[in-house]
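Lettered A, B, C, D and E in written order, each chain numbered from 1.
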Amino acid sequence: MSQFPLISVMTFLPLLGVVLLFFVPKQSHSVHRMLALLVSLVTFVVSIPLVTGFQSNADFQFVEKMPWIAAGPFQMNYHVAIDGISLWLVLLTTFIMPIAILSTWTAVEEKVKEYMICLLLLEVGMLGAFVSLDLFLFYIFWEVMLIPMYFIIGIWGGKNKIYAAVKFFIYTMVGSMLMLVALVTLYFKAGAGDFNVLRFYEVTLDPATQVWMFLAFALAFAIKVPMFPLHTWLPDAHTEAPTAGSVILAAVLLKMGTYGFVRFAMPLFPDATDKFTPLIATLSVIGIIYAALVAMVQEDVKKLVAYSSVAHLGYVMLGVFALNLQGLSGGMLQMLNHGVSTGALFLIVGFIYERRHTRLITDFGGLAKQMPVFATIFMIVTLSSIGLPGTNGFVGEFLVLLGAFESELRWYAVIGTSGVILAAVYMLWMFQRVMFGELTNPKNQTLCDLNAREVGIMLPLLVLIFVMGVYPTPFIEKMSPSLEKLIVHVKTKQQGAVAQVETVPAAPQVMPAAAVVPAEHK
Amino acid sequence: MVSLHSYLIVSAILFSIGTIGVLVRRNAIVIFMCVEMMLNAVNLTFIALSRHLGNIDGQIFVFFVMTVAAAEAAVGLALMIAFYKNRESIDVEDVKLMKL
Amino acid sequence: MGYELFGLPMIYYISMVAKVLVVFVFVLLTVAYATYAERKIIGHMQVRLGPMRTGWHGLLQPIADGLKLFFKEEIVPSQADKFAFLIAPIIALVPAFIGFAVIPFGETIEVAGYKIPLQIAGYYDTVSGQVVDMNVGVLYILALASIGVYGIVLAGWSSNSKYSLLGGLRSSAQMISYELAAGLAIISVFMLSESLSLQKIVADQANGAWYCFKQPLAFILFFICSLAEINRTPFDLPEAETELVSGFCTEYSSMKYAMFFMAEYANMVTVCAVTTTLFLGGWHGPAFLPGWAWFIAKVYFLIFVCMWIRATYPRYRYDQLMRLGWKVFLPLTLVNIIVTGIVVSLQS
Amino acid sequence: MLGVYLPIIVLVAVAVIFGLASLTFSSLIGQKKPSAVKLAPYECGCEPVGSARERFSVKFYIIAMLFILFDIEAVFMYPWSVLFKRLGIFGVVEMGLFIVILFVGYIYVWKKGALEWE
Amino acid sequence: METIVLPVINLAPIMPEIILSVFGMALLLVNVFVPSEQKAYLGYLSLVGIIAAGVSIVGGWGVPLDSFSGSVVQDNFALFFKGIFLLSAGLTILISDHYMKREGCNQGELYPLILFATMGMMLMASGTDLMTVFLGLEVLSVSLYVLAGFNRANLKSNEAGLKYFLLGAFSTGFLLYGMALTYGATGTTKIPKIAEFVAANGMVAQSPMFYIGMLLMASGFAFKIAAAPFHMWTPDVYEGAPTPMTAFMSAGPKAAGFAAFMRVLIVAFPTLKADWSDLLWVLAVLTMTIGNLIALNQDNIKRMLAYSSIAHAGYALVGFTAGNAEGAAGILFYMLSYAFMNIGAFAIIILVGKKGEENNNVADYAGFATKHPVLALAMAIFLFSLAGMPPTAGFIGKFYLFSGAIKAGYIWLAIIGVLNSAASVYYYLRVMVYMYMKNPTEEFDWMTLSPAVMLCILIAVVGVIIPGVVPSYLLELAQKAVLL
């Protein structure tokens, strides 16, 4: 514990920004913006040593643990650490934040101070949720995220902002409240101790209990992902949120759901995971196809992108529940990819919306002539989103489908593949309708191309799109050990449970088999 | 001698009459009188039980109940007067400024 | 006399009925002649003769008055609440008469070997060899006084006349105010007697000094408050002719009207009897006269005092009256209790 | 019990019978010539104005409330007065406190003007 | 003539009650002797009384005492609740002056009444005799009847007072009848002795009289804590009463009701836990659900908070149903934090109102955040705490309550609870929607930021946030204070 509390510093740095912002007078908008940007950049810089100092093994690193609440039967710790699973998500968060802040540099004119405070608070919540190893702490951060996001959508959103904000809040709240019940139940089942998730990993619950608790956890996460049919809040929230909100929502918040599955739902309730894998895979595939179909008929660019998110996250879920290394790492990678490319897409939508104050596809057409730089960037991002080889999207989707194909989810993978084609259809069709063709609408003829700030925002994302597409190894390398450990853990417990149910002599046979699993991948 | 049960039954009947009165009457003062009747039914119960058990606590309780009833009566009357002054009525049907 | 009913000998029942009738007739006669006496006494004090025509020195005057009232027309105002209007005089009258039940008016006498205490609500318990009376006799009297108020309020309210209503209200406000002071004043008596039983109080005074000497303040307060409570002059505001016609009984006529008057005089008798019992040693007195004679003498003396006061003092104004009750008598009674408490506990 | 209360009941009966009898008797023998004016409420010979069942001064309510409260306090003093010698000095102190508290209320009421009649 | 030997009387357990009574009476007297322009000092004086009482309870912590032959006790349970009562009374006094001045009410009697009510609550918490509990309850109730109708010129206040009085007196009848029957069945009014009797006599003691007594008592208490289906009085009374009194009623007396209810059920009827747990289960579900559902479509913010307060009683009943230490500690903690957050919210409602026109409609808050960002932030914090969002005291409280239920195996109850709590978010958010997301229709220029009210809000914010982030200390206290 004597080491530098890097994670805490990173997590709570934005809070410092919030405090500073409080003291800045209300009118000095540019100061607010600069300060927020600065803080988020510093946070990003602080988070870089996490990558450089990260040992590529399955252990939790940069651990910080100290007692927090101790009363009655409860013992909660401030326990944070990262492993391969959370590392990249943390990085993604710190990376996206400055971009998000920049994205609404000029779009948000009112209540800039409050806006920046909300963004920074949101960052605290997200980072905290990713690094928490104490379930209670995780829950707190999980809920804390809700509040600033609610305000971001509700105050700075579009026409229908209130409906969207409330819907977002209540959906998430219902899920998370049930998770809380399950969490406490789990705590009492586990016996005296603390809320350390690693401790809960070791608890063996009877399958019936697992089913209920898994359902409660899964509901919370599935709403966040969002999985079909719980996704209805997402298009509303995305459409109404300001660009930065959409970007963060797509890039980070949705990952919270999938991350939850990987970190909590699956390892905690392995038997239930086993039991529900077909259901979740079915829902994921339905999500992929359904969202793609719905996206195809959208009039609104932003809504289209929102539905594409639903489809993308379907892949992630499919990969995660394939429960093998390819699938999982594909899923994890796809999370990052989705963060980058969908984030970028939302930024792009934001750019044209700022110029034209409309997002209807029919209002555009032929923009490519007027805005060549924009068109190029848009093209690259679209291709990345479709998953063209050479871009990041490809690697993720490929691994996911590969993993799913190798697992028992083969047929789901087959159907899911069709989603790739559909994605190409609706994305490209949209791109074509917006960028090519006749420049008919007179309003579009005066549009100016991206300015330096906007290009500057997009550049890092474009770089990442290619880097991750061409050389994903460092990403996968760092996460693999943790994922392997996870797979072993889940599978062992699943089989252990089976062994317990079956005859006793079967147990010794299972143990070496479990030990072999990581060896295969080495 | 009159048995404990008779007392209890009488007080239960009184209590019920009071309760029903509160529920069906409309005049605030009558309602309050019904409440007082309930309290007195309770007092009767206490006295009867106290006598039956040979334990003085019940009688002491009655003292307090009476005191409290008096205080309630004073406050209640004051409230009713205040209400009447503003509204020219003490019908509880008129206590309806704040309905859903 | 060997028969028993509910555990009591027959002679108990016979003596009880006898006592009830004797006392009732006695009170009735006293009431009747108190009216006569009042007119006569005040008349003489004001250097006139008072009633002289009916009988020798007008001795038959009360009977003539009574007969006259019997023959008067009964008027029930058209807007009156008939039932309440009718019941009000009875409610006023009955408590006035039954207060006497707990007052011991003489020593225990012996008839055919059975001891009979001269107190209606009392009997001689052969097992314990003691006179048993109501152990909360004073509370009984206070309770009756409270019931009497209802008669007056009802009379005032049911008549549907403004004078009646105001008279009734004033009268009840006055009565309850002074009832309070009276009730508090006698607490110091109980502190000495350690009992609420009137037998016990009388016995206690026989052994020591009368309470009017031990508790002069309480005595004076109680007597004055009692006068006010029964609307005697100088506190007869409710019937103040100059202000409210006849107060609560403005609309009453005939026997109903008479009953309010009877109630008032009966109350006076009761009050004087209670004062006698509580402060003047009850029926005790030097042995040359029997106890009941002493009792009657003391009561009649107090009744005379009442009339004397009426002849002497002017009537109070209503605000003065209420102020006197609440601002003077009430704190005085409380102070008296505390002082008595301190003195008594210092003595022991 | 019975020995004490039975006579009271008898006395009540006698008093009630006396009252009812004289009422009945007088209403039987008294003359009856009612007229509208005779049955109207008395108002010094003028035509009665309005109903008598109207509001009257709030003072009366206040007196009634004060009576209830002080009377109930008196209720506590009665049992005490019977026992106070046996309670010793403690009893006096207790009742002294009680009366002091009563006095606080009393002074409050006084200063608030509830005892004034104008 | 034998001398009566009196039990030794130790005044220490009722020291705070004595202090409050003395201050209350002193204030009454001071009130009639000082001219009306100096009456503001009464408020400060009453605060001194509250603080003095607060000081007197500190020393008693962890020192169990009883007095008056076991009629009152000083235990941690009582002391914790006393702290809550003093706190809510103190905060209420802080917000009263501003409101009463604005509405033109005579404040003279206000402070003594608050002190007396607080004294009654304390007696309820520390009473271990049904008589003491009853007396405390009535001292409280009678004061509250007056306080609810305190604004005499205001029709709504009249109605609130009258309604509260009639229904309150009615419920007292039930409570008393229950006490009488319990007394009859067990032969004592002392709460621990009732338990002893039941333990000694087993099933023999559990006559119908006994059960009916318990049931009637429970319904009487349920009325006082505004648990459905005995909640009907709450919305009207809360809406009509002067706002500071509404704040007070929702915080202090409710906690007092719980204190007495808990002591009676937990101490007197431990053997019947299965029975009353079932009863409370139903009560809790009804209370939460009805409170929340009706709150959903309230436009008047006071009324909305009234229904929400019903719902909150329901959450507390969840912890009570659990009947274990966590649940009980949860109630204690929750009542404390509820006092902070609710009075805080009402303080802001008071600031927003103006004379005669209280601006209680949710729509009146449109754009409030634009005009008064700090106050709006405070309001948001209170509302989030009421909704049970971390990191606020409201969340920790709810967490404890529901944890208690889960530990006791009432998982469904906890689930109904959390779902309710999720539903409740809707109407709290509604206020925030108006504050933050609508354009201002008013200038809010009539608002005067009275320092006392601001102080109250500040204390409330601190009281909501600090226990929400570092709740250990308070939870520890609550744990030590439970009766189980």
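Criterion: a residue touches a chain if its C-beta (ideal position, glycine included) is under 8 Å from a C-beta of that chain, and two chains touch if they have at least 3 such contacts.
Predicted model, so just to flag it, every value in this text is computed and none were measured.
In summary, the chains found to touch both subunit B and subunit D are E.
Note on connectivity: the fewest steps through touching chains from subunit A to subunit B is 2. In the absence of subunit C, grouping the other chains by touching gives one piece. Chain pair with the most C-beta contact pairs: C-D. Centroid analysis (C-alpha atoms only) places A farthest from subunit B. Of all chains, the one whose CA centroid is most distant from that of subunit E is C. Ranked by how close its mean Cα position lies to the mean of all protein Cα atoms, the top chain is E.
Centres computed as Cα averages put subunit A at a distance of 81 Å from subunit D. Spacing of subunit A relative to subunit C, judged by their CA centroids, is 95 angstrom.
In terms of their C-alpha centroids, the spacing between subunit C and subunit E amounts to 52 Å. Averaging Cα coordinates per chain places subunit B and subunit E 25 Å apart.
Looking at subunit C, one finds that residues 194 touch two or more other chains. Chain contacts: subunit E has residues 1 touching two or more partner chains.
Shared interface positions of subunit D, defined as residues touching 2 or more other chains, are 64, 71, 83, 85, 88.
Pairs of chains meeting the touch criterion: A-E, B-D, B-E, C-D, D-E. By the touch criterion given at the top, residues 26, 68-74, 111, 114, 139-140, 143-144, 146-147, 150-151, 154-155, 161-162, 165-166, 169-170, 173-174, 177-178, 180-181, 184-185, 187-188 of subunit A touch subunit E in their complex.
Within the complex formed with subunit B, the residues of subunit D that make contact are 58, 61, 64-65, 68-69, 71-72, 75-76. In the complex of the two chains, the subunit D residues touching subunit E come out as 83, 85-88, 90, 101, 104-105, 107-108, 111-112.
Interface of subunit D with subunit C (complex): residues 2-8, 10-12, 14-16, 18-20, 22-23, 25-27, 29-34, 36, 38-44, 48, 51-53, 56, 59-60, 63-64, 66-67, 70-71, 74, 77-78, 81-85, 88-89, 91-92, 95-96, 99, 102-103, 106, 110, 115-118. Interface of subunit E with subunit A (complex): residues 325-326, 329, 369-370, 373, 384, 389-391, 395, 399-400, 402-403, 406-407, 411, 414-415, 418-419, 421-423, 425-426, 429, 432-433, 436-437, 470-472, 475-476, 478-479.
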